[in-house]
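Following are the structures in question.
Note that chain A is present in both complexes that follow, paired respectively with chain B and with chain C.
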Partner chain A sequence: MSKTSRSLVTMPSQAKQGDIIDIKVIVQHDMESGFRRDEQGSIIPRDILRGFLCTYNGTEVFRADLHPGTGANPMIVFSTVATETGTFEFTWTGDNDYLAKTTSQLTVT
Partner chain B sequence: MNTRRRFIGMSLSVGLLPLTRTHASEEEAQLAVEKIVGKAFVKSNRVKLDIPPLVENGNLVPMTVAVDSPMTANDFVKAIHIVAEGNPLPNIISFYLRARSGRATVQSRIRLSNSQRVLAIAEMSDGSFHQGFANTLVTLSACTEV
Partner chain C sequence: MSLAIRSTLRLWLLGLAVLLSWPACAQQAKDSRQSSYELMTPEIQAMQANPDSNPAAFWLLDGQALWSEQHGSERKSCASCHGDAAKTMKGVAASFPKLQRGRLTSLEEQVNQCRTTHLELPSVSHESKTSLALTTYIAAQSKGMPIQVEATPAAMTQVETGRLMFEQRMGQLNLSCAQCHDQRAGLKLGGSSIPQAHPTGYPIYRLEWQSMGSLERRLRNCMIGVRAEPFAFDSTEIKQLEAFLMWRARGMLIETPGVRP
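So, the complex of A and B:
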């Protein structure tokens, strides 16, 4: 089952060179904190996303470390300067070998 | 004492027992901050942390952090750490920025287990640290409910 479809990116497809563009990323994940208990009273094991990485034509432009204090279905809005036409790659990593990748194209004029 | 009173007394005392720990001790939060800043002096004028002052549900709290920085190659924000003093684990989320981020503003959504003070600590490219904080009132706690 592909997990790629579970993450979404909202960003402009075109920008002028030097513009600051806003990128909004959201990923579907429960972020099970490891503090909750089930009906039997036993602790539900922790299962969270640990990291997010955004690369722009292969160069890292933004990174985040996530902890159990991050809300379910993590959302991050950040910005970067449009320098050249190219590909953004967004990677989410987490417990139980979670990996979700999305790419997005930006045309710079 | 009649049985009813004794029962009420007992149930009250049980209710007061800490069943699970839902918040970090102040030292733990202090330790988490120390891990980030080390021995550096933390200034507090360039970071603005926006969290609603009254939060109905601590499970998903919108948060905006903005650092006053020109974001040039010589002077930019390297990292922003969000620390909640009253959460079971004080670290919430850390962002790592570059000069080419253009703007030192990040939005996200966090969990808060209690009414508390939330800290945002920014690490600048010159190695200095700045912090800002926001006080919130949480009516429904994350971690224990739902």
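So, the complex of A and C:
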């Protein structure tokens, strides 16, 4: 089970106002579906990420729900419009009170 | 006199012609060996080549953290003996498995041996996260370096035994490694390309596994595919087969961490 909460964010650090910026996030998680069995034949309990949220200076810009069919170490790529200099916050939530947060700065010129 | 000059000149010209044709000859004898990276889709190639999207990044980060984690009564870590992995581990994985005090040793065994004797830790299983994180971190330090196999008689005995296993038919399907990976490399098996099976990117992140995995896991995978009883992890047989594969890929560049479908 993945108890670490490593995540990688790839996005530009600078953009012109009105530019469309691509954001790529990848997070470390086993995404244990709850349908697999271990070597003794007993079900491995489900442990997955349930949600992903990205806010831009506190405003929600992207949200995703994740399900048992999602593979391990999920990667999400999305885009948004650079409006003002500020902070992007990425939040992953999941089973067993999983919570991982990272932030990235964007300077808009 | 003039005849002598003429014949000398002819000799020179002949020599020049040979020299000029040399690169053409060399090009004909170009290495036909190929990493299976070349067979991947552009998407998977990009996933491997781009550190931002290579899922092995998590194992690399874990490995880096484990490298300096202190354990045991003397509070030792990998770093207390080996220092900076970026310097001391450069090229190390490019020559494993290798003979250590007369015994063929895999990188996984070497890591375990260090951890149990010096860090006083229990040994970890072959495909555990700890083992994969450390071996991925160590092997990635050799990225871009050629695979090197020591050519001592003792090491070559292991390689030759490995070659026999590579050419030995096995399992209910009665297939040898060589029948696919030597004789039918580049053709298709089902929808997938048959690679030449050079161990350049191990441990690899395999999308099918959704995890990193060692070369031994991959070899066992093939053996299960031909319905043979797979060699046990870290058995002499599987290490000899690995030694032969490394010898077969000698000089090819390490690309760890590889991504495969």
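As a working rule, the second predicted complex is superposed on the first by the 104 of 109 C-alpha atoms of A that agree within 3 Å, B and C clash if a C-alpha of one lies under 4 Å from a C-alpha of the other, contacts with A are read in each partner's own complex, and residues count from 1 in each chain.
Note that in this section contacts are C-beta pairs under 8 Å (C-beta built on N, C-alpha and C of every residue); 3 or more make two chains touch, one makes a residue touch a chain.
Owing to the predicted nature of the structure, the values given are computational and were not obtained by experimental measurement.
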item: Partner chain(s) touched by A:36 [first = chain B, second = chain C, both, neither]; value: first
item: Which partner, chain B or chain C, touches more chain A residues; value: B
item: Chain B versus chain C as contact partner of A:20, first or second or both or neither; value: first
item: First, second, both or neither for A:67, with chain B first and chain C second; value: first
item: Partner chain in contact with A:57 - chain B first, chain C second, else both or neither; value: neither
item: First, second, both or neither for A:6, with chain B first and chain C second; value: second
item: Which of chain B and chain C A:28 touches, first, second, both or neither; value: second
item: Touched partner set for A:83, first chain B, second chain C, both or neither; value: first
item: Touched partner set for A:75, first chain B, second chain C, both or neither; value: both
item: Those residues of chain A which chain B touches in one complex and chain C touches in the other; value: 71-72, 75
item: Partner chain B, residues of chain A touching it in the complex; value: 20, 33, 35-37, 60-72, 74-81, 83
item: Residue ranges of chain A in contact with chain C within the complex; value: 4, 6, 8, 10, 24, 26, 28, 30-31, 71-73, 75
item: Residue numbers on chain B that touch chain A, as the complex places them; value: 20, 22, 59-61, 82, 84, 87-98, 100-103, 105-111, 142-144, 146
item: Complex contact set, residues of chain C against chain A; value: 52-53, 55, 57-58, 61-62, 207, 210-211
